[in-house]
Amino acid sequence: MTQKNKAYSLILNNLIIYGIAIILALGVISIFVAILGYNVWDALRTLLTTSFKSSFGFSETIKKAIPLLFATYAFTIPFMIKFFNIGGWGQMLFGGTMTVVVGLTLGPLGLPAIIMIPLLLLVGIVSGGVFALVAGFLKAKYNINPIISTIMLNFIAYQFVNFIATSDAFKDPLEGHPITQKLSESSLMGFFGEIPASIIVAFIAIIFVYLVMKRTRLGFEITSVGQNLIASQTYGINFSKTIMVAFFIGGALAGIGGSLEVINIHGKLIEGFAKTSGAQFGIFGVLTSLVVAGNPLAVPFAAFFMSVLLVGADSLQRTMQVPVEVVFLSQAIIVMFVVIIREKYGKGNK
Amino acid sequence: MAFITSFIESVLVYTTVYTLASLGILISGRTGIFNVAGEGIMLASASAGFLAAFLSGSWLIGFLAGALMGAFFGLILAFVHETFKVNQFILGICLVIFGSGLSDLLYKLVIGVRLSAPIAPDTLRITIPFLSKVPIISGFLNHDVIVYFMYAATFTAWWFFYRTKIGLETRAIGENPKAADVVGINVSRRRYLATIIGSSLIGIAGAYLTIAITKTYSPDISAGRGFMAVGIAIFASWKPQRAILGGFIFAFIEVMSFQLQIISDKIPYQFFLMLPFISILVIMVVFKKHIEFPASVGKPYSRE
Amino acid sequence: GETEEGTDAWAIKIAAVFPGSIQDADYNTIGYIALQEAANAEGIKSAYSEKVAVPDAERVLKEYINADFSIIFVHGAQFNGAAAKVAPNYPDVTFIIEVDAKPDTLSPNIWYIERNYYTGFYVLGALASMKTETGKIGFIGGLELPFIRGEVNAINQAIKDQNSDATLEYIFVGDFNDPLKARQAAEGLMSQGADIIISAVNLGNFGLYGAVKEANKPVFLTTTYTDKLTQAPDNYLSSDLFNFSIPVKGIVAKIIAGEKSGFWSMEYGEGKARSTQFPISNVSDSINAAVKQIAEDVASGKIVVEKVLGEVLQ
Amino acid sequence: MAADYINCKNISKAFGVVKALDSIDFVVKKGEIHGLLGENGAGKSTLMNILYGLYRPNKGEIFLDGKKTIIKSPLDSIKNGIGMVHQISTLVPEFTAVENIMLGSEGEKLTLHTAREREKIKEISEEFGLQFPVDVKIKELSAGIKQKIEIVRALYSGATLLILDEPTTSLVESEFQQLLKSLKVFVEKGVTVVFITHKIKEVMEACTAVTVMRKGKVQARVEKEELGIEKLVKLMFMEQNIEVTESALPKVNLPEIEISKNPVLQVKNISITGNDTSPGLKDISFDIFGGEIFGVAAVSGNGEKNIAECIINPSVLHSGDILINGESIKNNSPLDVFAKGVSYTPEDRIKEGILNEGSIKENVLLGHQEEERFLKKKLFIDWNETALAARDVIKEFNVDTPDEELSMRRLSGGNIQKAIIGRAFVSPLKLLVTHNPTSGLDISTVEFIFKKLVELRNSGSSVLFVNEDLDELMIVSDRIAVLHDGKLKGIFKRSEYDKYKIGLMMIGG
């Protein structure tokens, strides 16, 4: 078989697998919905088509897919060295919060958008990256498992958001919720119609991740360490450096995600901004990444598909008053079926 | 003295939650199953346990229901993992989301919307003659039955793992499942058992939240404590005797941070709320030499 | 289903957006009841979304708008930003939102409900200073937000007005809905000697009942939004009651009558949108009567409760 | 004639598309020490794993003592008196020997009679002449001792048939002799043995009958009186023509060539701190010149690993200096050392040598990732160039694979080793440091590797050849240094080789 044929058969195999999994999962969800006494057909239609029925549904799907993409990368890249970054959520929160802090502080200077926006994105990158780097550093230097450190850092970041959003310097004094003042106009990114401009950043990130992971020496080193730490070290790869860089990149991507939420969607810091459908983007990011077995090239598709489900599931609640909890159950069931079927019938990539 | 006693008494309540949940996690971890579903299990069991206790009027039935719900989750985890070799982590996260949905759905179906929350029956309290009067010690021995259950569970788990042959074998699975397999130990069966038993302990921790601590159910009641329990299991190097220590330390710092918040005026309160998490990280840095992982945790095992 | 709704596009429909679960027997439940009562009173169709995350609010609002809902009740100040952003683009839709202070300018298609937390807490503060024996009153809040500060200031004013020596210790647990943290905070306050706890958390309350019940000396508590006597009959004093049905019903009627914008302050007093729960449990008749008098004075304006939201006054 | 103790009839087993066993008939008689020979991947381990109940055959029947027996799991085989020492250690590294041996047996489960069991274990090990420390964690013990523990574990659970899957891979001559003595004791005590090895010499010395396997089929059963080295080699490698020495190793031609004047490698008074598993190194000095293969002989755990490693990663040096072509590498990173024309193949090819999930291409790049040839603009990897290099390796080193994209774990042990050695040749090479490169490989692969080492030497480069097998060392080395307890005991020229003398020195005599 030629390379190309192989690639096609692989894609076909994947399509079939994911297709079967989703059909089975929808079957189980249907039973669920029927038991609860709702119209199964309406429910399924709403679940799968809301994103595509209107330009509004589509743009909402994109709006969810973007932060989800970044949260997924935050998990995926450290996962390539076989470490779990559960802290995507915290890194998003921290990145977004620091963006607001810098944005509000520099606001009075009246810098133009051409300076402000890149600067604020940089703040997101650095702060998200540094926040994740803490976990990488603790692993490299003190051998502390990143699962535990990133869980702790999530709780810390959550308090940090509240601290900034209720602090005298930044809070919106009239709000009955932890919300800061608005960022200045020149700090905000615009929209193409209803599609947020952050989609450009997302595309850049997709290309960046592809290039770094598949084409650069760094990507090779990260993958190598993930595959065999001892062999990598024997052949000259520095573990400490690699794990710290991987966590930094993961965190930086989460940080941009947080930053974009703030400067493109909300225009200010709102407690609860990195959540969707009742759960944090971090958890969904982990799930999305694992669905595609941590393959960075598949992440954008998975993130989009997951957003379709999230948007569809949300509107289930709205249009049919199906309890929102059914939505969670559906998500868990779909993912579980996808991974089972993939594990059983997937070809793997080599 | 009275202050310290009541302080300890209060700490023990939260210690119970953390210890039971992390015991549950480490028991299956000792056979190589990394159960990160703690949060989902606690939520589902908090709901199921409360509903059972409320409807039956018996705290005991409530805890049994919580344990059963936990066992159900454990069974799913073990079954899907052992049958399809699906990554344990992804299953765990799925179950977290599943549990958080199931918890509210159950409550919604059974109770619905009410203006005042239903209340669980009182849990049996046990005091021990003399000892429950001695200052400080009484902080440990003046509690509901689940606190004593937590002591017993910890001791039993320690005894099981370090004083019985079956425990030695179970630990062997966690270190090297092949080594256990070749001497005729049924790895898969042990993994099922450990995951189901462990998960039912997590379930009891969840039911404890509603039946004993709040006496009623409220959404998202575990608020991330199921993930904390994973942290404590790691912190404890997957040893029962250290899980209770870890649970106690964490609960201690948590309770203390509120005392500090009252005393201090200057420091923003959010920093006190961060304190427990920062402390755990610092403690781990200091004791880094003592943190170990069973070698096979998280890894599937198949013969061929 | 969504598509069928297109046929009766002219009918008025009301939707509500709730931040939490409608079964919380608290803030979200009373919002849900307000929605039902308003819809029933006018005989219009209703729908709601619960557990809506802040980033999802804008989308949820737009979805209801696209489904031809013409009135949207936004229960929870965290969604006000989303409502303010959406409102100008949909002049035919009227929004009902909740605020703690009157905005400078009113948007042409938004109704504002002012919640006035502070008035009720003045009365609770007076109650606490009469009831306390240790002279220490504890206050538990979720986050330090403007309306929470207003509550603390009102309590302090009440203590002063009562010429009481009592002191108020306040503590924030970082989350309105975490019962365990609230319980830990209560235990902290009790160990510092507090024998009255004024709660300003929501689901967190469920942690307080156990804390006061298991205290080794009598400790009492007050709550917000709904009657919670049954949760801790021996420790419960009273609650700062909210009845969102009154403003929501009233506003919906006005909207249907064509009034698309306005400001509705929730008035304090017996049978009003804001009130204190009487009789107060676990207190002597004299305290009951005295507090009732204070409540009437607040309602009539004889006592002026100062509204200070910006900071906690020392 | 003794009765058939084991009789496997018509056994087949496939892993996916790989047919590992194809209608195997295999007979072992009571009291035999039965050799099982065959090239890498012939199916020896698979057959034994089926006998032990770890794998289920797709087809076929097993008769034990004439009775048809179904073996579903190791528990069944243990009950039937079968014990097995696996090719890869199956001990729990965190446990002591006693704890490991106690695992699994029937009876009381809710108690832990460590003291009682310890005595029993000591008795058995004395009975069979297999002593070892019982209360030390396995992870701190050497491969040879682990082997003994695994054997005692099998005997402890009452094995009357003992399967040893390549037990001698990491044993030196003297340890093999010890094992041989034990094997004789086993037979005296009524234990039958199946003995898998690649070393024909060992088969000749130990076995009373031999089965030769080839490509999933049984080639022949050879009785003791018909055993002969040439015959066995012929049976194993039908169409290949492998010349063997009298010690049953491949013959190699070492022509006289001129060695360089200046040393390629100078090791000057180096010391390395020891640890649990190694004594470290104590004040070691030697030079290696271009055009020679410099062998290092040592019993495993005497610092030989340090010698190999410290050249690649000099940061472990405690004192002393190492020079390559006259330049000190003391402060170099591994990549700096590689850049000076040094290459390395590690002792444990799976653990230290390869990216299991990576493709052959990626594996070929490992260690060369800093070389200009494989980089574009310093940052990006030139995958085309890498693929070319990988194809060269596949061709030059006969790696059996359809293409360079296949993942490494799909290769057999011998092919993995060829790829690892091939990788070392990707860039111009002045010094190859290689540690046990032939361990566990069949003779034909060993011959191939030897030829490559000699080619390198003949081209004027040098080889530091750290090896446990003295016979192999004597065949290809120009000089042999002996290491014991971290100290250099002596260096022998080819003309001075004396197996007895060197062997004695290796064990400290």
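Chains: A, B, C and D, in written order; residue numbering restarts at 1 for each.
The criterion applied here is as follows: contacts are C-beta pairs under 8 Å (C-beta built on N, C-alpha and C of every residue); 3 or more make two chains touch, one makes a residue touch a chain.
In this text, all values refer to a predicted model and were calculated from it rather than measured experimentally.
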item	value
Farthest chain relative to chain C (centres taken as mean CA coordinates)	D
Where chain B and chain D are represented by their mean Cα positions, the distance between them in whole Å	46
Distance between chain centroids, defined by C-alpha means - chain A, chain D (Å)	46
Intercentroid distance (Cα basis), chain C paired with chain B, Å	34
Whole-Å gap between the CA centroids of chain A and chain B	28
Chain A residues counted as touching two or more neighbouring chains	159, 162, 278, 324
For chain C, residues that touch 2 or more chains besides their own	51, 144, 174
For chain B, residues that touch 2 or more chains besides their own	104, 108, 270, 273
Touching pairs among all chains present in the structure	A-B, A-C, A-D, B-C, B-D
Chain A residues touching chain C - in the complex, by the definition given at the top	39, 42, 46, 54, 56, 60, 63, 67, 158-159, 162, 166, 168, 173-179, 261, 265-268, 270-278, 311, 314-315, 317-321, 324
Residues of chain C that touch chain B when the two form their complex	20-25, 29-30, 32-33, 51, 144, 169, 171-175, 177-181, 183-185, 187-189, 191-192, 203, 206-207, 209-210, 216, 226-231
Of all residues in chain C, those that touch chain A in their complex	1-2, 15, 47-51, 53-56, 58-60, 62-64, 66-67, 76-78, 80-81, 98-101, 103, 115, 143-147, 174, 309-311
Sites on chain D touched by chain A in the complex	312-313, 333-335, 338, 344, 346, 351-359, 362, 365-367, 369-370, 375, 379-381, 383, 405-407, 410
Residues of chain B that touch chain C when the two form their complex	3, 6-7, 10, 14, 17, 104, 107-108, 111-117, 119, 209, 212-216, 218-221, 223, 225, 254-255, 258-259, 261-262, 269-270, 273
